[in-house]
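Both complexes shown next keep chain A, but they swap its partner, so chain B is in the first and chain C is in the second.
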Partner chain A sequence: MTERAAGTPRFRGRVRRPQVLVIGGGLAGMTAALAARRAGASVAVVAEGAGVLELASGCIDRLAVPLDSLPREHPYRLLGMSVVDEELAAFQRVMEEAGWPLVPGGPVDGGATDVGPAGAGCVDGGPACVITALGARRPTYLVAPGMAAPPPGDPIWVAGFRGLRDFHPAVVAAGLRGGDPSAPVTWGEIDLPGSPEDVHPVALARQLEDEDYRREVIERVRQIRPRELGEGATALFPAVLGLTGARAVQDAFAGALGMRVSEILLPPPSVPGLRLAEALRRAVHRAGADVAIGARAVEATVEDGRVRRVVTAGPGGRITYEADAYVLATGGLLGNGLTTEGRSVREPLFGLPVTVPEGELADARFLPEEGHAFVRIGVTVDGRLRPPGFSNLFVCGRTLAGYDPYAEGCGGGVAVATGGVAGAEAARLVAGAGGETR
Partner chain B sequence: MLQAIVIGGGATGAGILRDLALRGVKAALVEQGDLVHGTSSRYHGLLHSGGRYAVKDPESARECAVENEIVRRIAPFAVEPCGGLFVRLEQDDPSYAERWVAACREAGIPVEEVDLDRLRREEPLLAESVREAYAVPDASVDGWRLVQGNVAAAEALGARVLTYRKVVGLLMDGSRVTGVRLRNVATGEEECLEAELVINAAGAWAGQIAAMASVPLNVVADRGVLLVYHGRLTSRVVNRLRKPGNGDIFVPTGSVTLLGTTATPVPDPDDISVPQEEVDELMRLGAEMLPMAATARILRAFAGVRPLFGSRSGGNTREISRGFVVIDHAAEHGVQGLISVAGGKLTTYRLMAEKVVDVAAAHLGVTAPCRTAEEPILPPPDPAAIQRLIHLVGRDRAQAVADRHPASLPEIAGAIDQPGGRQIVCECEQVTAGELIGTARQLGSPSLGDLRRRTRLGMGTCQGGFCGYRAALLLVREGIIEAEQVPSMLAGFQAERWRGVRGGLGGMELRAAELNYALARAQLAMEPLPAGKTVEMIELGGAGND
Partner chain C sequence: MINEYDACLKCTVCEMHCPVLRVAPEFPGPKNGGPGLARLRAAGEVAELDNLDLCLGCRTCDTVCPSGIRPAELIAVPKIARVSRKGLRLREWILTHTSLVGPLAVRMPGLTNGVLANRPIRWTMQKVIGIDAHKPMPKYANYSFRSWFERRPSPWKDRPAPNGKVVYFHGCSVQFMEPHIGRHVVEVLEHNGFEVVLPRQKCCGLPLIANGDLTSAAGNGRYNLQHLREWAEQGIPIVVSSTSCSLTLKHDYQHLLGLDGADVVAEHVYDLSEFLMTCYEQGLLRTDFQPMHERLPYHQPCHQRAQGLGLPAVDLMNLIPGVESWNLDAGCCGSAGTYGFKQEKYEVSMKVGEAMRDALIAAGAPRAVSDCETCRWQMEYQAGVKAVHPITVLWEAYGLGDAAK
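Let's turn to the complex of A and B:
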């Protein structure tokens, strides 16, 4: 609690009155909370959990397709790329202050860093990349600590832990070689202490924070480390090298092996995603927002386009929030911010109109370059991220309509940019209403 | 030298192969894809009581009534004897129901009226508008297991099976067919296979085979779309009691319920596309019987192509007989050495095989009688293997594994008993690493599709999103495939699964579809199917089994 900013209100009791209530604790909601605090508002966050971060890379994508290929209703078009880049920069600063430095790849100059389709790029001076469990180089923008891919051509040794689910170093190595048998990529595998048959990535990440266990694992890795590889080489590990203490664990591996160490993205549950969730919690806590996890917003009262109150239900019972401005960051279909009823899609808390693209919901191909229509389903908003008819409600993140985060490589960027703008807009509304004196 | 070659690895071809083998004929079966990749797995899985045909086609109805009992007896491993219902809704013509009951009695189909109170207790999801209901001995039958059983039995008697070999020509000596020219779809290599007799049981593709000998065979490819609902919406097969039409059959099977079908003649038997209008129509019609069908979660939509025998003139393929014909091209067209079978349905596969082999036997001078109606296809499962499985994976899952591998249980149980063999790879269908490895080792170098058809890998709620990747890693770990093969293997598997998911996409399935899409694109950066490659090309790319 010592990190709490002076003068921040604490909200107690059955009825709580923050100036800004953020509903949703994923990347967009937490960014909104940070932005609203930065603008001086008192903030409470209510969330069921950390959103879909455990399905995410822990890195922040910006854009992997040309800007002018985006549809008119795309959130980036609503905000403009200069706003998007300001928000990304602000996010990077606040995360660095919170001890979680994210490193940007490629120069940012208003859209000039756009690269080809996902998976194609990752060249010198271009966007940063992470390596996937298929050994693909996947472009991203703000890279989480220890996740940056080594440049193409550098010698790589892929190390694996036998028994770890959903990972095989040979498959990563084959992908990295990309059909070139002379590429300097090798792999090896160790038995973990006790030779477990089935190891869960999150459990292993936690175990590796234990110093004795880690020392034992590192010793086993050292025994099979190829002797010919020097300091210029990179050892790639599955992304299980620690959870909250990941940086120390990564450093310990690098120091003992005398090589650079980097991590490979695994299928969910994603340890890097959980690390980012934890870092966000720290940052928001440090900024002095009040966070209630495990509370689900179940009821909203709206009068004349103004949200009056939101009621949450959780282990502590029902709590009523009466705020001046509200940020909706409950996610999309995956995060349950959008739900289905029969064949139709709805936004369950406020009953906001949901835009479903006309025509076919999905392409015949599983991975079409231009993406799928059904992932563009969402709530349509104005340039200040307000849904039609609402004066004090701002919507951000995956709840929004008009983008395919996967094909466009923009999910993290949209969450951060719209979260930042929604939080700032909410705080601005409060300031304009004289909320500071409350 | 072979006495007979059977073209087609569906139910009819497999039934013919077993019948030939039981009569002592030396035979081989050739199939362009994996066994059962065509119509015999692309249908609703209904073992007809005959009720559906009673009014319009009494002969088919009688055949179904008899064969239904035989298949239950000889293939218990493939049949789920769930029973069936015919229900008349308020808006359906009561006089048709009267005629139907009489016609069923005439055809020897046991019919018993079901009290409506009892019906509502037993099938609570059925519409309020049900006015009459009758119980019939419908059942669900697993086309894959049925064929696998027939093939295993035939192989045990010395028959050969060559999958992923497409017939690209018939060997001719004057007006006599003397064999087939095959192309290995994996390698592109061609080979010739000779026999005294070629039996064309290629189903929807039979017309193409006949054309290679320049004889006419009018097979109409009739595409039917089906929906796969999550969970069992009914406990029995439910038919609508009115003139047969679209969207009037629900078949519960395993952990899902199928709703079928539509009937659209298509020029190309390979056309298994799923038009959105047909999906919507099925949901609308299905909801008349079972209101939940409008909103329940649809895992997939898929299509199969019925091989109807008849004239091309009519637009309504439901008017063409579901009966079958055996054509001895020597007698009909002066082409020796070729027999075709066309039309029919899975329920009567054994009868079709018997009639074909009767003709073949006469040509070959074989006098042994048909025994397929009496002899069970497979011996009962090995009790020791079952015990071992129960010990390894528990009673419920042991039963599921035994059902999936009626002919190779000891090998599968042995593989599950290896270190790591009990690890679950496909969580939805509870498929273990050992089951996959055991199956893969029998096949040599299978595609994920080959494994799916034999184990139900990827057929549950996640539709392969997670387990496809996991299974591919397992195959690398076991040295069954090379690490380099994983991306293209996954691309093919996911593309095939997507085809079905997309067909029924909407409602709750949107969420699952986004999860798979996100995993493939953002987490794994999976490769798309290479330009110019179709799902079929990848699916047919497995090496198959000899």
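Let's turn to the complex of A and C:
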């Protein structure tokens, strides 16, 4: 900047200068922010809204199909599984420090050597599982506190709360029995204090953190608890046993009932998803990253493959961010990180090239085993997660091409692994620049 | 026709973050009361829902919506329609016109504060007009901020300020109840080489907006824009020390009230902490702080979080050697401006604030910080701590209080 006379405004307006700017505040973006902070960079996160993490299971999937069945352009192939597992372990450590310990189960991609602690597994040596509201066993990898399914064959009692949306203990029990009438699964249901007709899971989760309310609920549950079940049995509850204080609430139920307690996933709104999202947000705040939610990235300036600035717009005004490195974690078709017009798909912020699979994009069946082709639409990147021609932009999470979180059971793992790598790469670039550009 | 609210996927993220829904199950919630009701209204089927007025107006749902919908603004539609038909009720009129009481009150603060603290009078107020008797009314000061400002000489009176001019929008609470905060703002800005300009101004109008009287709010808005516009057009930053006022000036004048010139002004409006932190990042903020050795838990006002700025106040305070400041991250305080003073809403208000109260008590620090006056009053009332504005912490660290002695 040239010299100015005294008295002339030197203030440049709403311009902020973090070293790394992460665009997107979901699982991938927040993990990227943590990784970049760990590597010593100053970090700002901007996001249009909260991520969809709050709607998800609160557990982190890794991979539900054999590794060698994945296509060559799959993010796991770009990074290599050892990097993926390092990133998952780093994520687990950060969450543990934030007071939210996730327990890994065994993987299913042939190796199956690092089986998780007892209680986390679906079957011996198999993946960890959680139970859904239909009584299905859903495989996953990092299991949230109190969510691990009991091993098959263990005696189970499903407890329900009348009036709670989208939860019916009889349905869960039928699903768990899987058509075997002799399976040791029973169920019961209580009225909550005041017999409400319609109970919101988040409101109930918060109420159960209140000691008096909880005591009354536990007393009602104790009255219908099957006498014949002992300590080896598991009481399954809908996942509403507390929010931030869930572990204490789960323990209180288990202690009073004299049984193991585990929770069942509900359709959104997902209390376990909210717990994970809140713990992740605490971790990011603790790490010292700046998080601005409610501001959408609307404009980017790129010169010679180098992103110079990104402008966000929101109720707080238009803010210009001049960072040294940028991480794009704006999501895919659902999260508006990719937008469509007819069959053409765009990445709206930088205009990055989007890879669309050839042939039919959707299967006429709702849930085909091999997945829908459109799910693999995304931005293609190199091994350092940079799109072609860009030197200081790293892409992670659902914006990436080549994977199907639903058919492959890898959504959480891809978000965590690519987020961690993108954040670390961005910070490394900043450190390499030695602050010269600032 | 496709409306903005048709983008709602019913994903329920707004419900998960709504502070009211967690404590008041009878509240229809932002999804049903916002885009849901808007669809029914457009179809001519349902115009109102019971208990929709339990909305705090914290705008958390607007902030977290991943589809860019603003449920809080949709929730307000029936109330606005009601008020435009029938006008404000007496209680709402009184609560939203503090600036009419203010000039009188600062002349006889003892009498005013005595009346407002008198139990039989408060009981009568509750019975007759529904202003809840529990919560203490904010106390009026014995001088107004503007009278203090006009009596003092600016250090940059005879020479140009090295960093140029800054316009200060102080809002009602600084003018009549907390003029010391205004003094801290002015002295910190001057210490950093800015000349402070004080144009004429009225209440930003947010209490009127929150109570559904958009017509009166637009009147206030037009007055403020008329006096702020000339400065904005010169590129002079306009700083605001109350986060609700800054949100109103930045967003509501433009997008809710559609006022002429609001876009020009909004571009130059800054939340005070945002402005100072931006100055720091641009190398314009002095860091000649005295060490303070204090743990300072911080409560971020919903209306600052809604601006998508990060946590500038925490970052600023942590520049002071020896200060450890952190965001409590415990949600809305529940006060929500005039909301917590209404009899039928007092209980919900207090329940919403319990998470913040518990976090404050657990923090165990005698002083806590927030940029919003009604948040601070709620913090003091619910948790028994002393609540200060971040500018006061900076003012102390700069040693500006010592200089005045």
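Worth pointing out:
In this text, the second predicted complex is superposed on the first by the 405 of 438 C-alpha atoms of A that agree within 3 Å, B and C clash if a C-alpha of one lies under 4 Å from a C-alpha of the other, contacts with A are read in each partner's own complex, and residues count from 1 in each chain.
In this text, a residue touches a chain if its C-beta (ideal position, glycine included) is under 8 Å from a C-beta of that chain, and two chains touch if they have at least 3 such contacts.
Computed from a prediction, not measured in an experiment: that's the story for all the values here.
Partners chain B and chain C, once the complexes are superposed on chain A, both fit on it without clashing. Of the two partner chains placed by superposition, chain B and chain C are both touched by A:268. Applying the stated contact rule after C-alpha superposition, one finds that A:364 touches chain B and leaves chain C untouched.
Contacts of A:173 after superposition: chain B is touched, whereas chain C is not reached.
Legend: residue contacts after superposition of the two complexes on their common chain; A:16 is shown touching chain C, with no touch to chain B. Look at A:56: by the touch rule set out above, it reaches chain B but stays clear of chain C. In the overlay built on the shared chain, the residue A:314 is in contact with chain C alone; chain B does not reach it. Residue contacts after overlaying the shared chain place A:411 against chain B, while chain C stays out of touching range.
Contacts of A:224 after superposition on the shared chain: neither chain B nor chain C is touched.
After overlaying the two complexes on the shared chain, residue contacts for A:298 are found with neither chain B nor chain C.
Of all C-alpha pairs linking chain B and chain C after the chain A fit, the shortest spans 5 Å.
According to the touch criterion, the shared surface of chain A, contacted by chain B in one complex and chain C in the other, consists of residues 55, 198, 268. Touching chain A in their complex are the following residues of chain B: 276, 294-295, 419-420, 423, 466, 469-470, 472-473, 476-477, 482-484, 486-487, 490, 494-495, 497-499, 502, 505-508, 510-511, 513-515, 517-529.
Touching chain A in their complex are the following residues of chain C: 11-13, 15-17, 21-23, 25, 29, 59, 62-68, 160-165, 235-237, 247, 250-251, 255, 266-271, 274, 278-279, 281-282, 284, 305-311, 315, 326-327, 329.
On chain A, the positions that touch chain B within their shared complex are 55-57, 118-119, 132-134, 136-138, 165-168, 170-171, 173-175, 179, 197-198, 265-268, 270, 332-334, 340-345, 360-369, 372, 374-375, 377, 405-407, 411. Those residues of chain A lying in contact with chain C across their complex are 6-17, 44, 46, 48-52, 54-55, 196, 198-200, 202-203, 206, 268-269, 274, 281-282, 285, 290-296, 312, 314-319, 335-336.
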